[in-house]
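Each in C-alpha cells, the structures are laid out below.
In what comes next, chain A is part of two complexes: it sits with chain B in the first one and with chain C in the second one.
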Partner chain A sequence: MNEKSKTPVTLIILALTIVGLYLANRFLDAYQIRIINLSGIYVTLGLSMNLINGMTGMFSLGHAGFMAIGAYTVGILTMPVTMKEMNFFMQPIVPFLADVEWGFLPSLFAAGLISVLLGVLIGAPVLRLTDDYLAIATLGFAEIIRVVFTNTQSLTNGALGLKGIPNYTNTWWSWGVALITIWFISFLMKGTYGKAFLAIREDEVAARAMGISLFKHKVMSFAFGCFFAGVAGGLMAGLLGTIDPNMFRITLTFNILLIVVLGGLGKIGGTVVSAVIVTVMMEVLRFLDEAIDLGFVRLKGIPGMRMVVFSIILILVVIVREKGLLQRTKGRELTYAKN
Partner chain B sequence: MGDISIFLQHLTNGISLGSLYALIAIGYTMVYGILRLINFAHGDIFMLGVYLTYYGVVYTALPWWIVFLLAPLLTGFVGILLEKTAYKPLRGSARITILISAIGASFLLQNLGIVIFGGRPRAFPVPQTLNHVVKLGGVSINVVTFIIPAVTILLLIGLTYFTTKTKTGLAMRALSKDYETASLMGIDINRIISITFFMGSFLAAIGGILWGSRYPQLMPLMGSMPGLKSFIAAVVGGIGNITGAVIGGFILGLGEIMLVALLPRLSGYRDAFAFILLIIILLVKPSGLMGGIREKV
Partner chain C sequence: MLKIEDLHMRFGGVVACNGFNAEIETGQIVGLIGPNGAGKTTIFNVITGVYKPTAGQILYSPAANEHHQLSGLGPDKIAKLGVCRTFQNIRLFGELSVLENVFIGNHLRVKSDVFSTVFRLPHYLVEEKRMYEKSLYLLEKIGLQDSRDEKASSLPYGMQRRLEIARALATDPKLLLLDEPAAGMNPQETMELIQFIREIKQEFDLTIFLIEHHMDVIMEISEKIYVLDHGLLIAEGDPSEIQQNERVVEAYLGVG
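Moving on, here comes the complex of A and B:
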C-alpha cells in the first residue's frame, strides 16, 4: 500500500477513536472510563516495550523502573504545595521541589525526559549484552530504581508513597498519548532508523557489516522506549492518584510483556489490540479472585487465580506460536522493505 | 574483643547466607550450561521445596528428617515436569521465546503458590535439633548457621564427584561444551536434561529447607529475590561453572551481610547490592570470575 491510499484509513481510524471516546465519556460509568484509560496507557506501554524488544530485538525487562521514574516525576511536579506538606510528614521534601506545581503537559514531558536520561545513563553500558544478560541487567535496574525510591525519603517519600496526586488523566490524555505513540513509532519504523532497528534484530553482525552503528541505534531505540514508558508512568500516576514503590515490581513488567507477546513481537497493530484485550480481561477476570454470588450459592474467590490464568495463557501462546513469534513478522517486513 | 566477636558473628552469618545462594546458584549454572537458558522459575522451585517440606512436617506423621529428604526428591520431579512442559516444546527456538516461557513459568508457580498455599505468611517448623543457640567465646550462634555451610560443602563434594567421575556427569559436561556434537555422539539428551533439572531442583529444595530453618517465614513470593540473587551469584562466578557459582554465592552472601554490618546507613540498599555487583561484573569481566561459558557477541 502506498502513502496516499493509507491516509484516509488513518483519518477514519482517528475520527472513529475521537467519536468513540466522546460517546464513552457521555454514556459510560466511572469504572468503565477507568478501564478505557488503563487501556490507553497500556497501549503506550506495550508499544514502547515492543519498540525495544520486538523491533530492535533487545530483551529489556526494565519497564517497571522507567514507569516508576515517570510516575514519581509527575506525582511530585503536579502535586499542590499544601498536599506535599501533608505527604512528607516524616521528612520534609527537598527544598527545590517544595514550591513546584506544574501543569500536566510539562510534567508529562519532564517524566519522559527524566526517564530517558536515567534510562540511557544506566542502560547504555549494558546494551551491548546479549539476550539473557541484558534481561537480567535491566531487571536489576528496575529493582535498583525501586529500592532507591524506597530509601530516598525526602525526594519520593520512601515506602509511604505519594497520595493526593491530582487526577489529570482522562480518556483524552491517555488515548491522545497512545495515538501519538502509535503515530510516532509507525513513523520511526518507516524511516532509516526503523530499518536499522529491524536489521539489528535480524542479524547484528550483518547489520554492523552494512555500516549500521549498533550502539547508536540500540541506545536510540532504548531511549524512545524509555520516553514513552516514562510518559505512560506519568499518566498512570495521574489516573490512580496514589503511587508507592511496590507498585513497580516485576509483575508490572510481566503484564506489559504479556501484551507484547500476545500482540506479536514487532507488530504495532497487534500490540494495540492485545493491550486493550489484556487490560479488559484483567478487569473481567477479576471475578476469579473475588467471591461470586450466584444468588443461591456463593463461590469463594481464590486470590491469585487471575494471574494463574494469565501465566498459562502466556506459556501457551509462546509454545503454540513457537517460531512464528518472530518469523511471521519477518515475512511481513520483507515485503515492507520493498516499498 | 566486642568488636571482634561481632565481626565473627557477621562473618558466620555471611558464610551461611552465601552457602544458601551457592546451593541455588548451582541449579542455575547447570541448566544454563546445557540449555543456555536462565531458568527464571528456579527461585520458585526453591519456594515450592520449602512449602512441600512445610506440609510434610506439619500434616504428616513422618519424622522431620524423612520429610527433609522426601521433599527435595519430590521437588526434583517437579523440576523435570517444568522442563517437559514449559521448555522442551521450545527447544531450538529463539532464546527470547524460551526466556518468555521461563518468565511465564515463574509467574505461574508463584501464583499457583498463592492459590494453593494462600498468601498469608506461614512459620517454618524448624526441628529442635537444628534450632538451638550455642555460645562460642562470647559469640552466640544458632546451630543452623554451622549446619548450612557443612551441608553445602558435603553436597558440593558429591556433585563434583558426580560431574567428574560418573558417565552421566561426563555426558553433562559434554553437552555443556558442545550441544550439537554431543548429541551426535549418542548422548541421550532428554535424559541428561531431565537429570540436570532434577539435580538443580533437588539442590534448590535443600537450600530452601536450610533457608526456612534460618529465616522461618514462608511466603509464595519468597523465591523471587533469592532466585534472582543466586542467578547473579552464578553470573559473578562465571555461568556454567559450578565452582564459580559457589564462589559467587559466597561473595554475594558475605558482601550483603558486611554491607549491612559495616555501613548501616546503606542497609536499605541491601537488595540493590547484588544488582550493582552484577552490572559491574558484566561490564568488567562478562565471563565471570572463574570464566564460564564464553558468549559470542
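Moving on, here comes the complex of A and C:
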C-alpha cells in the first residue's frame, strides 16, 4: 500500500550497504572481513530457514544437510584439476568430475539447484508430516547426507574432506547473495504465493478450504529454502577453503535456528539483524572459551562456553519476547499457561 | 447444483451420517438443521472434502453440462470447482490482516506462476491489482473497509464471522456452505445477517446451503430444509412443513 514511500528507504539502505562494504574492504583486517563474510552467509541461511519455518510454518531442521550439499557441489566444481588429484589420493575421483573446473557463479547456481533437487526428492514424502514429526524426519535427512558424504570416497573424498577449494568468497559475493535473498524473499512474501504460505502457517484446514494446495505450496517453500541454503553452503566452502562432513552437524542447524528465533519467526528485517548480531557475538564471546583469571580464582577454559550465553539469551527471548528480540510485543503478560 | 445420494460416514464404530439424501437446486437457499451432534457439520466436511465418505455419491453440477463427483477429491480441488465454506468454530488466518485474509481467498484463481510474482511482471501486477480491488470491494460489502490493516483475530466475534464469508466469496464460489453464520449474534445482528445473505446471493449469483440453530433465521431464509437427527434424515420440506412435522418436534423437544 505505502509502497512508494518505502522505495527511497530501500535504496538508501542498499547504498549504505555498498559504501559500508567498500570501506570495510579498505580499512578492516582479514579477521574482521571474515566476520563480515560470515554475517552475510548467515543472513542468507537465516532467511532461507525463516521462509520454511517462520513463514510457511513447517518445522524443518534439515539446514545443515542442504548446506553440505551446496558446499560440496561448489567444492568439487570449482577445485582446479591438479588440486583434485592431490585431494583424492585414497581413491581417484569419479571420472566425469575429474576434469571439471567451473567458475564461482555457475557453481553457486549448481549448488542451489542440486540442493533443491535432493531436498525436494527426500523432502516431498515427509512434508505431509506436521510439527515435531517433520522436525525429526528432516533432522534425520541432514544426518543421512552427512553419513553418505563421509562414505562416498570417490565423490566427496569421505572423511578426509576437501582441501584447497579456491577462496572465491569475498564480501561482495557473501553480501551480494544476502541482498538477493532479502529481495527475493521480500517480494515472494509480498505476492500471492507468499500470502498463501502465511495462510498455511496460520491454519492448514482453512487454507485448503480456500483452494490452496498444501503439497504444492509446501514443496515450493521448501524448494526455495533449500536453494538459498545450498547457495549459502557454497559460499561457506568458498570462504573456508576446506570442508569435511563433520562441519555439517546438527549444531550448525541450531545456530541458524537461534538466529531465526531471535530475529522473530516470519520476520525478514529481524532475521537480518539477528544474523549479524549472532555472528559477531560468536566471535566477541570467544574469550569465554578460554581460561579466565578473576584474580582470586582461575577458571579453566571450557570450549563451547559461549554457546551457554546464547542458550540463556534464547531461553529469555522465548519466555519474555516470544515474537523475537527485535519485535515489539505489546502488552503481553508473563503467564505460565495460555488460558 | 448439488445432489447427495445415500451418503454414509462412519468413524470407526461411530455412525455420523447414515444414508443422507439431498438435492439442492441452483439459486436456492437450503437449510440443514438438527440437534447437537446430529452430524450436520460432518455433512459439510464430507461435501468439502475434509472427510472422504464411507459410501455414497456427491454430484456437483455447476452448469447444465458440467458434472463432478466430489467424493474422493481434496478440499483444495473442491474449492477450485466453486464450492466454498465457512467454519462453525471460526478459522481465520488470525495473525494476518483483515485485507490479507480476503486477498488469500483470491489465490486459487491466480494464473501467474510464482516467479512472475517475485519479479512482479506486468501480467501479474494486472492480476494482483484486480485481486486487491476485489478484496477491497468485498470488505466494503461487509463494512470492514476501515479495519483492513487490523489483525483478523482482533476483530469482534460477529465481524470475524462476516470476514469469513467475505474470504469465502473471494474464491468465486457457486455454492456457498455456511456453518452456523449467526452463532453468537444478537437479534439485531441476526436480522442484518439475513439481509446480508440475501444480498450476496443476489449479487454473486450463489446457491447457499446453511447450518443454523437460530430457528428464526432458518425459517425466514430457507426455501427448503433438511432435518437431521443422529445421522439420519428425519424430515425435509419447506419451512411450514417442517414446523408442523411431528418427528422434528420430537427430535428437538424429546417425547413427553
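Heads up, the rule we're going with is that the second predicted complex is superposed on the first by the 310 of 339 C-alpha atoms of A that agree within 3 Å, B and C clash if a C-alpha of one lies under 4 Å from a C-alpha of the other, contacts with A are read in each partner's own complex, and residues count from 1 in each chain.
Methods note: a residue touches a chain if its C-beta (ideal position, glycine included) is under 8 Å from a C-beta of that chain, and two chains touch if they have at least 3 such contacts.
Since we're looking at a predicted model, the values are computed, not measured.
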Is A:Gly20 touching anything from chain B or chain C once the two structures are fitted on A? First, second, both or neither. neither
Which of the two partners, first being chain B and second being chain C, lies in contact with A:Gly269: first, second, both, or neither? neither
Just to be sure I read the superposition right, which of the two partners does A:Pro106 touch: chain B = first, chain C = second, or both, or neither? neither
First (chain B), second (chain C), both or neither touched by A:Pro92: neither
Check whether A:Pro80 is in contact with chain B, with chain C, with both or with neither, and answer first, second, both or neither. neither
Can A:Gly304 be said to touch chain B (first), chain C (second), both, or neither? first
Touch test for A:Glu202: chain B only (first), chain C only (second), both, or neither? second
Counting residues of chain A touched by each partner, does chain B or chain C come out ahead? B
Please give the residue numbers of chain A that touch chain B in the complex, ascending. 53, 57, 59, 61, 125-126, 128-133, 135-137, 139-141, 143-144, 147-148, 150-151, 250-251, 254, 257, 261, 265, 302-305, 307-308, 310-312, 314-315, 318-319, 322-323, 325-326
Could you pull out which chain A residues touch chain C in their complex? 1, 184, 187-188, 190-196, 198-199, 202-203, 205-214, 220
Mind pulling up the chain C residues that touch chain A in the complex? 48, 50, 74-76, 79-80, 84-85, 87, 91-96, 100, 103-108, 110, 112, 114, 117-120, 124, 128, 131, 149, 167-168, 171
Given the complex, residues on chain B that touch chain A span 36-38, 85-86, 89-90, 93-97, 99-101, 103-105, 107-108, 110-115, 119, 220, 224, 228, 231-232, 235, 268-269, 271-272, 274-276, 278-279, 282-283, 286, 295, 297
